[in-house]
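For reference, chains read A, B, C and D in written order, and residue numbers begin at 1 within each chain.
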Amino acid sequence: MSAKLTHEEAEALVRSDDPEHPANLICELCRDFYKLGWVTGTGGGISIRHGYFSEHVYLAPSGVQKERIKPEHIFVLPFAQSSVPKPGSQRDFVRIPSKKGLKESACTPLFWNAFTMREAGACIHTHSQHAVLLTLLLPRDAASFRMSHQEMIKGVRTGGVGKTLRFFDTLEVPIIENTADEEDLTEGMAAAMEKYPDAPAILVRRHGVYVWGNTWEQAKTQGECLDYLFEMACKMLQAKLPLVGDE
Amino acid sequence: MSAKLTHEEAEALVRSDDPEHPANLICELCRDFYKLGWVTGTGGGISIRHGYFSEHVYLAPSGVQKERIKPEHIFVLPFAQSSVPKPGSQRDFVRIPSKKGLKESACTPLFWNAFTMREAGACIHTHSQHAVLLTLLLPRDAASFRMSHQEMIKGVRTGGVGKTLRFFDTLEVPIIENTADEEDLTEGMAAAMEKYPDAPAILVRRHGVYVWGNTWEQAKTQGECLDYLFEMACKMLQAKLPLVGDE
Amino acid sequence: MSAKLTHEEAEALVRSDDPEHPANLICELCRDFYKLGWVTGTGGGISIRHGYFSEHVYLAPSGVQKERIKPEHIFVLPFAQSSVPKPGSQRDFVRIPSKKGLKESACTPLFWNAFTMREAGACIHTHSQHAVLLTLLLPRDAASFRMSHQEMIKGVRTGGVGKTLRFFDTLEVPIIENTADEEDLTEGMAAAMEKYPDAPAILVRRHGVYVWGNTWEQAKTQGECLDYLFEMACKMLQAKLPLVGDE
Amino acid sequence: MSAKLTHEEAEALVRSDDPEHPANLICELCRDFYKLGWVTGTGGGISIRHGYFSEHVYLAPSGVQKERIKPEHIFVLPFAQSSVPKPGSQRDFVRIPSKKGLKESACTPLFWNAFTMREAGACIHTHSQHAVLLTLLLPRDAASFRMSHQEMIKGVRTGGVGKTLRFFDTLEVPIIENTADEEDLTEGMAAAMEKYPDAPAILVRRHGVYVWGNTWEQAKTQGECLDYLFEMACKMLQAKLPLVGDE
């Protein structure tokens, strides 16, 4: 179906005066995420679904300075792919940037996990040091990060897209092992999402975190709440304070 | 009395070219507070009283990205309510934003504590990690945070609205327990303000802090001084240095 | 002599299109210092000498938000005062801001120490947490902070206004005790400057630091080098590393 | 050959409306690096090769506030010098800024190491505290910093200009001793680059780091990845976690 768009129609998908259009938002949010230390050194990014029936997925390129992306560098894919994106699979595009050497984000099949398994409208990937350090400070065999009795837990939703957690609930975020290639995380992330249906995010040991939400706003605010909790948990572990309970 | 305003008159309350008009100030200050790490993930905010005889109270909405609020999202309430705002109570409004789904800040009755019990002109609520970590590093049964012999204490006022403290004075900020719902903190905050009439702020364990002042400038500068002292106290506790005295 | 200026002439002293005019610079630098955490909560600031034969001294007001100062809030004093500014002494002015309630910085006689004893062209006062924490982490009876074998030492000048130090030199910054009133530091600072003629700055225990230079550029870059070294020294002390020598 | 340029031709080398022209880029990147804490207090900077066959090298001046450099302050040197820049050697210029007192960066011969030994297109020098603290936290006789099993390692290239490292590879960055004069590091840096041909950077104990890349983009993103790893390594050493392996 993407083949039916003319070049002009495809280019129009990333040109808008609306600052909240996904082609503009991805650029702005990546600049913001850079300042937060989430996407330095080309790592991380955000993907947003857009359009009637969420027909299109907007993606940043792989391996570029995320704080300097422009709308013309954005890839647009039909949400309804011929086959669900897998590591190494061929993908359908409706718009490919003309700048030479650009390749869609290596996170593509991981973003699709959030879109298909949680019906998320946006998914963020960060290399935040708080996320990575947390996976190092927790015991080597910890399968998840658990925390309770923190006001910021109330900003996180069950499964990332459901009801917000309560102060007395225990947040649980699974931790999966890193792989040599980013795309090879796809299966491990999907398995963790199935095993932990209430988890609002997936931590990747020595790598970072994937967070999603119904909308880009909810993905971003949950990303901030979780990053705050990861940082607080690191400080608490360093001070030998328990993460669960309020004793 | 709010019923007497026409729609145009109510809208005019949040439209001004003056950057120091409360509808503009709240937006600007929330952006600044976001950069300070005080209001990430939709948490925290500021409320400002305004007008002849401080007739109106300006409030941000609940659960939105605080760094992206616009003047048209601001709620305006008459300071003289039919009944003092309580958890779950009905409130009088003179201006409600037309954007769907917006609800006034859950901090409303807590801000009113500062307005009625201290005659404050502005009240700030933050989720600053320094405030929260401090409530965790202090002994579990500490009813208050005490500190002396810090130059920054001189930027804080007795009761938040009186004379500035002196270098040799001991600052004391009570710590109350968090509740499941933000509004349910109202009573505990009021009780602590009565028990500690000189306290310039109220810390909420595992949650954050409420700070106020005669004006928004004094609320903000006291918020900065206290946040500085919370951060310094965390570092001193981690280095096993006493917070009171100068030995 | 200041009496000879008309109101228009006095006002012209703070109005300039040149971004490097001291009335503009003080505002810009205070915004920058705020971002560095040097002048939050109304603390700290910078004073600059200006004009043929350095006739005038430009000062920010006391007790205001330093990141929001405007040129019209700046005080201008003749450098040649009837008597050297002392705590509580009357000062000569050539320009007093018309805004009600503004008072010249309480640091005035301390800035004059740098101007008269070192012929400095600018003096900065900060409440940087690195400076304050350093005075707390050092032994209680330490009369000075000493450090060597750091590249950043090479950005600091002997006495603040002489030759730059070498990598193998030992930087020494005296630490004086804080007083109840800022102005009462004047004598202690002067005594320390006499006892340590090579010191580029004066640390004030539990308070902050005074740094100066031949020009505002040298005062600012030395302030940055020293703040970097204070921060590094705190980290080294926490890691139990010696500050002097390179073993 | 530089003698053949007229004054107007030489000045044209630093005047461009293109934000990615090296004379503009160096100014912008130095402002960015200042915010990252890489070049405070006049330290550090970046040099970029430019033009057909990389004929010219663009350099910032020495000892100035790096965040306030303007294109007219930039030095331009022919890449093909009469003799390779050495400490104290005479250099060929095609453009010298007219502002009095400016001298080319003391890093010049060190940048040339990267240009000639790695055919780098850009080289960055920082005084980042993470780099310096790391050289202090590692054992005193450590000849290099080694780290593995970190996603951010994948943003670093073999020798700074080759293939990107893999997750399971061990990054190794040699550490050389600091010297009294910056230029005197030239030989030690060259020797380390010969001994460690795969190293993407050179750490200088108690001083900072030199990083390079094929282009300014690759130099910057590798600088960010390495700084992230230096910071993470400091935190891991402080928490007594091993830097190599994933146990």
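One rule holds for everything that comes next: a residue touches a chain if its C-beta (ideal position, glycine included) is under 8 Å from a C-beta of that chain, and two chains touch if they have at least 3 such contacts.
Labels paired with UniProt names: A, B, C, D = Methylthioribulose-1-phosphate dehydratase.
Source: prediction; values computed, not measured.
Enquirer: Over half shared or under half: which fits the residue numbers at the contact of copies chain C and chain D, same or different?
Expert: Since fewer than half of the residue numbers are used by both chains, the interface counts as different.
Enquirer: Note the rotational component of the Cα superposition from chain B to chain C, reported as an angle of 0 to 180 degrees in steps of 5.
Expert: It works out to 90 degrees.
Enquirer: Which chain maximises the distance between its CA centroid and that of chain D?
Expert: B
Enquirer: How many angstrom between the C-alpha centroids of chain B and chain A?
Expert: Centre-to-centre distance between chain A and chain B: 32 Å.
Enquirer: Would you kindly tell me how far, in whole Å, the mean C-alpha position of chain D lies from that of chain B?
Expert: Each chain reduced to its C-alpha mean, chain B and chain D end up 46 Å apart.
Enquirer: Which residue numbers or ranges of chain C touch two or more of the other chains?
Expert: Not one residue in chain C touches at least two other chains.
Enquirer: What pattern do the touching chains form: line, ring, star, complete or other?
Expert: The chain contacts form a single closed ring, each chain touching exactly two others.
Enquirer: Under the definition above, what is the set of chain B residues touching chain C in their complex?
Expert: Chain B reaches chain C through residues 149-152, 155, 166-168, 217, 220-222, 224-225, 227-228, 231-232, 235-236, 239, 241, 246-247.
Enquirer: Given the complex with chain B, which residues does chain C contribute to the contact?
Expert: 40-43, 64-65, 127, 129, 132-133, 136-137, 140, 178-180, 204-208, 238
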